[in-house]
Each structure stands twice: as C-alpha cells, then as structure tokens.
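Below is one structure. I have some questions about it.
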Amino acid sequence: MADKKPHDEHSHEEEMRKKHLMLDPLPRGKMNEMVMEAMLEKPTWKFWVVFLVLSFIVAYCLFYKWYVLITKGQGEAGVMRPDYWGIFLVNTVFWIGISHAGTFISAILRVFKAEFRRPFTRIAELMTTFGLVQAGFSVLMHMGRTWLFYWLIPYPNQRMLWPNLHSPLTWDLLAITTYLLSSTMYLFLPLIPDVAMARDRSTGWRKKFYRVLALGFRGTEGEWRHLHNAMNIFAFAIIPVMFSVHTIVSWDFAAATRPGWSSTIYGPYFIVGALHSGMGAAAVVLAVVQGTMKNMKYFVRGEHFDAIGKLMLIISMSWAYFYFNDYIVQWYGGDKWTRIMLHFHEAGPLGWMWFTMLIVNIAIPWAVLWNAKWRSNPWIISVVGIGINVGMWFERYLIVPVSVAINRMPFTWRLYQPGIEVPMGIGTLALFILLYMMASKLIPFIPVWEVQEGQLAHEFKKFGRETVVSVSELE
Amino acid sequence: MIRPDEVKMSVEETGKWGMTINQDVCTGCQACVAACAMENNISFVGEEDSGYGRSMHWIRIERFWEGEYPDVRMTPQQPMMCQQCGHATCEPVCPAFATVHSQAEQLNLQVYNRCVGTRYCANNCPYQVRAFNWRDYQRPEPLSNQLNPDVTVRRMGVMEKCTFCIQRIHRAQDTAKSEGREVMDGEFTTACAQACPADAIVFGRVDKPETLVAQITNNGRGTKHLAELGTLPHVTYFKEG
Amino acid sequence: MSEQVSRRDFLKLAGLGAATTAILTGCGPASRYVKREPYQQMPEYNLVGQSTYYATTCRECAAGCGLVVRTYQGRAIKTEGNAHHPLNLGKTCARGQATLHGLYNPDRVQGPSTGSWDAGIQAVADAFKKYKPSEIAFLMGMTPDHLYDLVSDLAQSTGMNAPLRYGALGMFESRATLSKAAENVFGQAGLPWFDVGKAQIVFSFGANFLETWLSPLAYTRGFAGLREKETKLRGTFVQFESRMSATGAKADKWIPIRPGTEGLVALAIGRLVSEIRSGAALPAFANVDPAQVADEAGIKLATLEELASMFVNSNVLAIPGGAALGQTNGLEIAEAVLTLNALSNNFGKPGGVYLSALAPNQEGTSRPASPIEMYDLVEKMKSGAIKALFVHGVNPIFELPKTLGFEAALANVELYSFATFPDETAAKAKYLLPDHHSLESWGYQRVATGVALPVLSGSQPVVSPYYDTRATADVLIAAAQAAGGKFASALPYKDEVDFIQNKVASLVGDASGSFSASDTATFMARFQQYGGWFRNVESLIVPDASKALYNPVKTTKPSFAGNGEFFFVPFVSPTLAEAGANKPWLQELPDPTTTVMWNTWVEINPDMAKELGLANDDRVRITSEAGSVEAFVYLYPAIRPDTVAMPFGQGHTAYGRYAENRGANPADLFGAYYNDAGDLAFAGMKVKIEKISHAVKNGGLSRMESLMGVYGEGLGGEEH
Amino acid sequence: MIQKFFNWLKQPLGLIASGIVFLALVSAVVYGIWRTQQAPEQPIQFPHKTHVNFGIQCLYCHPGAARGPAAGIPSQAKCWACHNQIVKTRDSALLAPLKDAVLSGKSLEWVPVAIVPDFVHFNHRPHIAAGKNCEECHGDMTKVTVAQNPQDMTMGWCLNCHIKNAGDDQEKLVKLTDCGTCHY
C-alpha cells in the first residue's frame, strides 16, 4: 500500500512514520550476533557493584525485614486505626500499575500494528512479570497472617469452603493470578524464537538452559505459523485481562463504604493511572538499557523515545481528565465526609504531596513532552518518567493511607506514619531492578525476529525516481 | 429511624439481640470499657501503641466539643462498639469468610481461625470499631490467671471486635435449655451493661416486644448511627434520654 | 571419598533435621503445650468445670461497694457488682473491674522481707515491747474496716496512739471540711449526703460527684435518677467550677467562675432569690452584693440573675465539693453552699440534704484524718515522739503532699509496712510484711455514705493467697500474743476470722436486717453469702437547719500562695484515682474528659496557650512555691484562661512496672496551707508555666481522641 | 572441584547417594511434623480400662461433662480417697506419683489428650444432653490404658455430626452450623 503522495507533499506524518521503521536493516545474523554480544558481555565491575548492593538491599530490606514483620507483627508497620491499609497496598497498586505498560506496549500496540513497538516489546513484557512479582510480595507483606495466604486461593477445601466471592479481594486475587500467568505466557511465546537462536549460538550450561526454554523450536514454517497464531490469540486475550486487572484493583476501593472511595469512575481512572506510571517506567527502563547495554543504540533509538513520549503525553492528558472528573464529581456530590477528605488532600499535612503529584503528573509532562526533540532525548524522558512514577506513587499514597485517615467517625481520625514499609518498599524496588539485571544476562532483550520482520516488511522501493517506503501487511 | 410496627421488617433489620445507649446519663466513667476488657481478654497495648490508634478497646467513649469558651459544652458521651449490623459492610469484603453473619443469633461474628489479616473489614466498617492484633501483646505472669476461659485469647494478626458477649449469650441459652425454658429478659446481660453505674446501656432481645430493650428501642426517640448507609445497626442511641 | 562425602552430608542432615524438628514442634496448636493441673482437694461448693461466685467488698476506694467475683478452678476471673448490695446494686466502676489486675499483678510483694513469717511476727512483737505505747503509731487506709477496729481496740487498751486513717482521695474530697461545715450549719458533724436522684435542679459548686467523690457509684445512680424522665421531668444540673470536670461535662449549664469565689456565688444567688421571693435579703445572704460577686467571679450579673430565676420556683439541691473546698476559705464555701439549700428547705426531704447513716456497728461519726492531723503525725515523727510507724493500706509518700516532709521524717522512725504492693512507702520500710490482696482477705467494712440504709459490707477470700502473704490482722494478733501482757489481753482472738465474728456478734439475732440469724456460724455464713448485712431501716440523719438562714455566713477572700500567674486546679484522675496506676488496664482507660492514657497532662485554655506560644504536647514545667513538675500540654477548651489543671494519680517513683516513672504528681506543687477545718488548700496555689521543649512527633500524649477529628488540628483550614 | 563433584554425582553410586540424601531430608521433615503431633508422656499411665471395667461411670470422675463446658480432671483427693483404702494400690509403685503428689501437695500435671484447635469452644453439656455417649467421641475406654484420642478433632468431624443430627429441622441446622456456635 505504497502512498502515492507527490514528493513535495511529503507530509510530516509520513516522516514520522519512516523514523520508526529502522530503515537501515542489518542482516539477521549480524543482529543476532549483536544481541548475543549484549547478553554475553562480561559484566564490568560496576555491574557487580550494583548487583551486590542490590542483592544486599533485597536480602536485608526485603527478606530480613519481612522476617521481622512476620515474627513481630503488623505493628512494625505504620498501620493502625483508622489506617488499616498502608504503604504495602500503595506498593501493590503501584507495581500492578507498572506492570500494565508491558502488556499495553506489546499487546495493544501489536494489535494496532504500531511498528515502533518492535524492539522493546520484550523489555516491556519483562516489566509486567517483574512488576507483578513485586505486587504479589507487597500484598503478602500486608497480610496479618501471611502464612495462611493460600486460604484466599479458590480450591475446594475439606468443608468445601470457597473464598468469599463477594469480596473484591478475592476478585483481585483471581485477576492478579490470571494476569501473572497470562503475562508470563505472553512473555514466553515471543521469546521462543530468540532462545532458540541463543541456543544455537551458545555453549555449556547456557546451551542446555536455552534448549529447555526453546522447546525444540527449529524455525520451520509450521512452527512459525503456530507461534504467530498463539501470539495473536494471546495478544487479543490479554488485553481484556489487563483492563480487568486494574479495574478490579480499583474495586477494592470503589466497592468499599468509605467517603472518597466509592466512586464509579475508579475503574478507567485506575487503568489510565496504571498506564501513566507504566509508560513512565518503560521510558526509564529503555533509557537504562540503551545506555548500559552493548549494541543497544542500534535497536533503541531516539524515535522510540519520541513515540513513547507521545504516548506519555496523551496518557497524561487522559489521566488529568479522569483525576479531575473523579475529584469534581465527588466534590459535587456534597457528602460531608468526602468534602472534608478532599480538603484534607490539598490543605492537610500532606498537601505538598498532592501538589507535587499534580506537577509531576500533569504540568511537567505537558510542558516537556510536546517537543519532539526533548522527548527523543533518553535523559529528559527518563527524568519525566521518574517524575511520573513518583507522582503516581503519591497518588496511590493519597488514595490509600491519606484518604483512609478520614472516615465517618471523626473521633478516630489519625495520620499515618510509615514504619517498616519504607525499607520493604525499597526492597521490592531493588528486587525489580535486580531481576532486570539478571534477565539482561539470561534472556535476549531484543526480539530479533520481530525487528527483522518489521525491516523485511518495510523497505525502500523505487518508483521511478522516487524512493518510497513500502509497508506490507504481515497478516 | 425506627419504622412503625406495621411495616414488616426483615430478620436482619429486626435483629435478635439489641442494645440501647442513653447518652444523657452516660458519664463517660469508662466502667464499661474496663468491664469489657476484663470479660473478653482484651490485651492492653502500652503507651506508645495506644497513642498511635492501636488500642484494642472493643468499646470506646467518644465525645466532642461544642461552642467556644465560656459557652463551651461537651457533647453527650457516645459509647461506640460494634453495632452488630443487619447488613454489615464488614461481612461481604472479607475474602476468607472470617467475618460472617450469624443466622442463629443475628450477630456479626469474627471467626479468628479464618482470619488472615487483610484488615478489609476494619477498613470498611463505617463505625471504625474493629481492633486488630498488631502484635502479640504480652501479659506478664501471673496476669494470665485472670483470663476468662469462655473467651479465646487472640493472637497476632487477627481482627477482633465486640461480640455482644456471645459467650454469655451461649451460657444463658445453654442454662435455659438445660432447664427446659426460654432465656428470660434480664437473666443475663453484656459485661458493659452489667457494669454501667448509670444503667445507660440496656441489652436484650429486641425481637421480643415485651423486653426492656425492645421497649426502649421502639419508643421512637432513638437514632441509629449512620443508618443512611443501610447497615441496619442494632444499637440505638438516645441523646436526650 | 564417596563414603566420606555422604557421611558428612548425613551429619549435616542430622543437624538440619534436628533444627527442623525443633522449629516444627513450635508450630503445633497452642493448647498442645498446656498442662492441666487438677485440684489437690476440691474446695467446698466448687464443681469441676463450673464457675463459683463469691460475694465480697471492693477495696479499690473507701466507698465499700459489694462485689461478686467469678472464680474458676481457683482463679478469680471477673468482678461484678453485687446486685443485693444496697450501695451499688450490682454495678461497678472501672477501678472495681480492674481489681484483678492488682491481684494478679506481676509486681506484687511475694513474701515478708524478714524471710519467714515467724521472724516478721517477732519483729512486730519486739516493736510492741521495745517502744513505749505512745511511741507507736498506726497509719491506715481511709476505709473504716475491721482492721481499723482491731488496731483501735489495741490502741485503746495499750495506750498506743489512736490509729489514723488517711488517703489522698479523702484529702481531695475535703471530708473534714464537709463534716465541719455540717457541724457549723446544722450543729451536728457528719458526712452530708445529697439526694441527687430525686432532686429537681442540682447546683454543684465544684463537686465532682460523678468521678471519685465520696461514693461515686451511688452518686452516678443518683445522676441517672436526676436525668430520668419517664416518670418525672428531666432534672437540670448546673456546675460551677473553673475547669470542666467529668462531672461538669454532664451539666446542662457550666459556669466557669474564678477559684475561691464559689461561696460568694452561692450567697449572691441566695440573696437574689430571697429578694425575688420576699423583697428583702435574708440575714444569711446580707453580706454580699451580687454585682460585685459577679465581677469577682468573672461572670456576668445576668448569669447570676438567670440562675436565681431558675431557683425561685423550684427546689434546688446545692452541693459543695471538689476544688472549691480545697481553698483557704474552703470551709466558708462549704457553709455558704449548705446554707443555700435552706432556701429550698430540702433538709431531710427527698431530693435534699441529709447526713449519712451510721453503719450497723458504728458508734458516732468518724472521718479520715485531715492533712493537718497528718502534719501533726509528721511533726511527732520528726521530733522523735513516734519511733515506730505501722503503715497499712495507704502509700503516704505518694499520697501526702511532699511539702509535709513525710519521707524525710521516715528517717527518724522504724517503718513497718503491710503493703501488698511495692509502693514508695514500702520501699522505705524496715520490715515489709505484705498483707493479702483484698480479694484474698477476710473482713468487713462500714459504708460511710451513699446509701440510706446502714450497711456493713462483708469481705471474704475469693481465691487462696497467690503469694506468701499473711493477713495483717493475723500478724498483729500473733504479735500481740507474742508480746504478751496488755497486748495479749487487748487482742484475745484466735485469728482474724475470730475477731470479725466477735465484732459482728452484736448483729446476731438482730431481726431488722437483710437477714437474721440466731447463731454466729449461720450469721457469718449468710454474711459471706450476701456480701454483708444491712438494716432495712432508712437511717439517714435529718439535719437541723432551722437557724441556717438567720446567721450571716462569713465570707473570706481566698488567699493564693505563690506568685505565678495561674490558678492551679488539681483533680483526681477518675480512672486511676490514688492507687490505680499499677493496673495496666486502668492505665489504658482514656480519661473521661481528655481521653489521655498512660500519662500526665496539664490543661490550659487554648487561647491562653496561643498567647504563651504553647501547643498540644509541648513539654512544660509547672512551678509553684513548693516545687515544680513537668507535664505535657493539653489544650483544654473548657477551662478558665487564668487557670491550669492537672490530674492526680501518676508520677510514681515505685509501685510496679506500669506505674513507675510515668507522668508527674501535682501534689508535689502543694504548699502547706490549710483551711479552717484543717483540710489542705490544695487548690490554693498559683503556678508559673514555662515551656521546656516543643512537641516531638510520636512523643506526646497517648490520646484516644483524634486531634484532627475533634479539634480540626492538622486537618487543613476551617473546614471542620 | 565442583565439576568433579557433579561428575561423581552422575555415576550410579552418586545417584544412590543423592537418593539417600533426599530421602533423609524428607524423612527428617516428616519426623519433625510427626513430632509436633506427639503429646508428652502422662505423669501416670492411668489405666482407663481397669477403672471402666470395674463399672465406674465416666461421669463419676468427669462430672463436669454433664453440667458445663469442661469435663474436668478429678482432684487428687478424689483418686486417693479410693486408692488409699485399697492396700494393693496404696503402696503400689505405679501409683507412687499420685501418693507423692497427695502427700507433698503438688499437682500432677496431666497432658490434655482430646484437644480442639485454637479459637474454638466446645461445651460437653449439650452433647451429653443430646444423648451422645462419651465413647462416641472419646473411644472405647474399656480397651485403653492412657486415654487416646481416636478422632481427628477437626471442624469437619464436628460438622458432619451436627448436620446429621439436625436432620430436617431447619432451625436446628442453622443453630448447629452457625460459626458463632463454636467460634468466639
């Protein structure tokens, strides 16, 4: 479907489109070599220092502190009446939010055939799985008797007592588990050709490792066809799962009888919020990968950041819409307690948090991301991305412990002061980074076959004197 | 508000056991709080935790201020405990069925065995009357000699709350049954009502019109807290007698 | 090689297995590790697996409420009120409920300091012999109980000093002042009893009758009666005081008047009323000018006139008490307020003023020692006139104001303490011979006030003694026998129970009582079963107030010691009182007015605090001329700006882990000033306040209430 | 070195060794779990069968069962009241702990046998009143020395019987299956 636009009328749109297509193709073998090189590169001392520091943080802040929490009780955390929920649930929502970007990038953009997605689908999908691990940990930390967590799992026990299917937490558990399983599958399917490639290019234990993972993939026509079918089915199937999971997370709040929480718009609002933090995190991760791993400058380019930046801008705008919609509808509702709570958000002791949230979530993205040059710069976009993540964490903090401080019994109102949650939250962040670091040494970060597929589909064709880009339909 | 008698009420709305609290005579003396703690093996938590909203009181006495000095007035003391709602908001949100509605007694139960400590129930309780075992609070020996054998001693990580002294309900019913009769009004009462020096708290069967508590409940002057939420609470408050 | 490896592995595994086993063993159900110990010998009336209930008397304060204690397998489980007891009719206060935390307190005295009881008894006997009788003094708790009778008998027949009864509660109640005022107004001493329950309107001048005052349960029941409106009009209640007490909080009208002007206000109201009624002021009220009084009291004349118009057509019960009596002019205040009742002519009528009934085996009124009598004792100790001091049921180092110098005077005497708890005084004792806890003891107690019937409340052990303690009565009887001579003949009893039986013998065969028994054994059995004996005859004494309105009432200006800028109003913590600080659940009960737990605060008017730059939870030093204490600031909306208030009950330096080094004791600020009845002018001080440090996060007072929700503090703006 | 060890593990002897190690591990864990379920030894090997076979009723020694929640353990005085009068048992070595306890005034520390899980209340009285016999839950005491618990006292065991007993009586079923009937 070559465009037949006159030369002088090359639209801006066309230019932009071209940019994402990586029209400087390299041979498959060369790209494979580059990806393998990036993976097998001997870690520098810096890598090890960071790795050891993170391992220490994970061991101390996550596991040791968790041991303390389990043996001494939730009193170690900052929770109390009325703030029965604290940072653990903030982190849970936050990490689930982060995990949304992966699916969004690889599934939705795949379905919509956004070509710029190709090099970084893997990196984004890893974010889904690793983020969900942190979310799972956070929710387990939150439970008073976490060793009995399996009681929430729907299995027919001795008395055929199922979990309470009225409870949003049960829906939550089902949604998160489904999401974790399906996103892991969805991470794994496109990985198969790449591990097969890695299997063929490595020796020793790695070869065995990849042989197991590759499931005997040889790249025959039939195998590819099956793989494509499976990926398409999953891409379509995982989208409703992704939308449902954060909607259900939002129901934990929206279904409760609390001022400020019982809001009908929470479902889409939470999803947009999740995408907001997720895209921000994706930009940061991409920038780090591009900056630290060998050969990545070829695969991850300014134009990719540009595309992500545009997405971030539009998501920031939708988030702003949903946030103020929620705010104004609640305010207009006129409920006494809700009004006090909304006022408390901005004028209470954590008012700075409310204003920071608005600045980093709305003002800064809007001010920066409109400029293509700025948003193509990995440094700038990762600063914006970090800001958005901080802002979105603040947003969840305001929704959970700050909103919970205000209820219908003013005699009990009290401000939450975090305790052991802080180191444990840092521990989950460290584990998230650590998992990425380990994955970078074990898994090909760039889906070479997908990149090449794009490159094959798009090439320069000469029509007379004119060179145009052809984009062929793949399916 | 209390509905007229001709309106047919569901069993959840009528309830079985009910309580009335006369705020006009409540002096805030804390006898009910102490009696509750002694009857129900409630832990004390110490200065730091109690100051941080972690006290385990199953009943607390609220009071506010009205006006400015010198025309300042303390609002009538308001003992708050589990309202044993007919439609309790705590019940549907527990994923583990740890807080369930007793069909037999029309009470909100907290089944400690099932509790995994998500604290959703407490979060969702509009009355904020649930107490969580934030730690394993210690009772140095020999304080444990005082523990009531009819009530379990809770451990770290479970939620607890006022039970309307269900152990006393069971004992009275058991005694009555062994004597082949019904439980009589006033035969037993909750620890708080038994201690209350001003008789501000009255407890009994609200579903039997001849009982004292039913008569007070239905005199039309009482209010139920946050009744607009549709929780159908079974504690009725009287601000001015 | 291979065998070596596997062997080593096995060793490791064995270790691992042992560790796993140890861990897993700790994970079984908790009840797995309980051992069950049966009774050696099942006590009488006990059944396996069944609770047994014993009636006894509460000893947490001197009121003498009846308790029924539930025991199970030899342990006391729960205290409830004794429904048959006419004083409390089945009700209890928080302190009564928490008695068990005293019984099973981890810090109790576990045995005599002498090692064996024989040595302890010998030490007491030696003291009896070593010192002249006039050199021996007994200091006892406020309760008029069997032990007081026993020591009185001993003192009477041996020439020892008559035992003194003292308690901080008595000091704050100013019992001597009430008794003296009754004597001055009615010509008859005695503890007044105010029938709040049947009154129409109550004017309370500082009386904190819903807290710890005289007989809190009886007065609370009276208050419920005042408010009852099914059978009558709901009664009105007006409170005059400078700081809103838990009692004042229940008032329909709370009038903040300057401390020390309560008497003037009463007289001014009296004058206005008598003028409205008859056009002229009665002689009793002739001395005061209402306009001037309003000015002095810091209220509007209109307020006084409004109150007078309330008064004119109704019967008003006027009650003096609390900090109003703790002034240098406390006696005049009490007299003025008692006189005001004469306008309603309610003496001896329902809803009026009576003098309390005497207990069945009581001859004549008796009241606890006033602080000035305690001061005499301290002086005698200092001068060496008293060489051996026996202390039971009271903790004078804590309960007496520091300024009296009791602690220093102890250096001159040999101290014998019978404390069940290692309090400050017990720590100074040469011999510590612990008595049983009250729930482990025999006894009886006269009910001093609060009930129309004469009541002798009975005590019996509900559980066997937990520690190696011994009844003080038994120790004294044994020591008297060992000392021989007139000591032995003063106490010719086998033991404590024998003594009690002897003392109640006069009631055996009395048919006017709650039960009657023809022989001592039956009487004692019923006495224990019902928790006491009471005469079914209303025996309140009707005071004669015929002259009250025709003698001008003296008005003296109160004098305040010290040059501070604030009036100082100490009040007894309603939940802790003087001896509750060692019970963890009492510590965790929120104060009825401030909801503070576990600590001491100082109440300041918020506007005044703003002026001084003080905020909630700031640490301040309160200084009087007698001393200084530190406390946290509590911005209290219902206190005069020229007044600060502090609760009494904390500030122990000993007294077990829950009380020690917690909070401050306002009694350290009291100066040695007395009113005309010999009661301490504890509210007659002026204090200075200086800030020590700012409130620190998580370092302030433990409050049940929310600063955000109740005061809008930190909520942001004026929204709430 | 590690390589060598792995190689060694792969040969048959190594595989057998690994198997042994694995089995040892598993059995250690199983042993540990089993240990948690073992009660400590009773102070006296009380022969229930002897007493029951003499025709002594259960409620003679455990009368609380008919009256309230706990069946109770008889006081030592009750035991000794009989045994003191039987020459054979008065000086029997088997009963020495009882004699010592009675004479010294110390308590025998019996180990609970029939225990319910935590946070559960069991009341004997209604069960006896409903016509249950002791042996239906506690087993046949004519056959055992030290009492043993033949039941796994789980909620399922309780409820199965409750449901069966309620039959078609809906009200009874509600009462007997209500969480609050046992958990408080």
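General remarks:
The letters A, B, C and D name the chains in turn, as written, and every chain counts its residues from 1.
Everything below uses one rule, namely that a residue touches a chain if its C-beta (ideal position, glycine included) is under 8 Å from a C-beta of that chain, and two chains touch if they have at least 3 such contacts.
Treat the numbers as computed from the prediction; the structure is a model and nothing was measured.
When chain pairs are compared by contacting C-beta pairs, B-C ranks highest. A centroid comparison over C-alpha atoms places C as the chain most distant from subunit A.
Central chain by Cα centroid: B, whose mean Cα position is closest to the mean of all protein Cα atoms. Subunit C and subunit D have CA centres that are 50 Å apart.
Taking each chain's centre as the average of its CA atoms, subunit B and subunit C sit 30 Å apart. Our note on geometry: subunit A versus subunit C, Cα centroid distance of 65 Å, whole angstroms. With each centre defined as the average position of its C-alpha atoms, the distance from subunit A to subunit B rounds to 45 Å. Counting partner chains per residue, subunit D has residues 69-70, 117-118 touching two or more of them. With touch defined as above, residues shared between interfaces to two or more other chains in subunit A number as follows: 409-412, 414, 417. Within subunit C, contacts with two or more other chains are made by residues 30, 698, 704-705, 710.
Interchain contacts join each chain to each other chain, per the touch definition above. Across the complex, subunit A is touched by residues 697-698, 704-706, 708-710, 714-717, 719-720 of subunit C. Residue ranges of subunit B in contact with subunit A, taken from their complex: 49, 52-54, 60, 62-64, 80, 89, 92-97, 114-120, 122-124, 126-128, 130-136, 156-159, 226, 229.
Against subunit C, the residues of subunit A that register as touching in their complex are 339-340, 343-344, 346-349, 351, 405, 409-415, 417. The touching residues of subunit A, counted against subunit B in their complex, run 72-75, 79-85, 142-146, 148-149, 151-152, 161, 163-164, 166-170, 173, 252, 255-258, 404, 407-412, 414, 417.
Interface residues of subunit D, counted against subunit C in their complex, comprise 8, 13-14, 17, 20-21, 24-25, 27-29, 31-33, 35-37, 39, 62-65, 67-78, 101-102, 105, 107-112, 115-118, 124.
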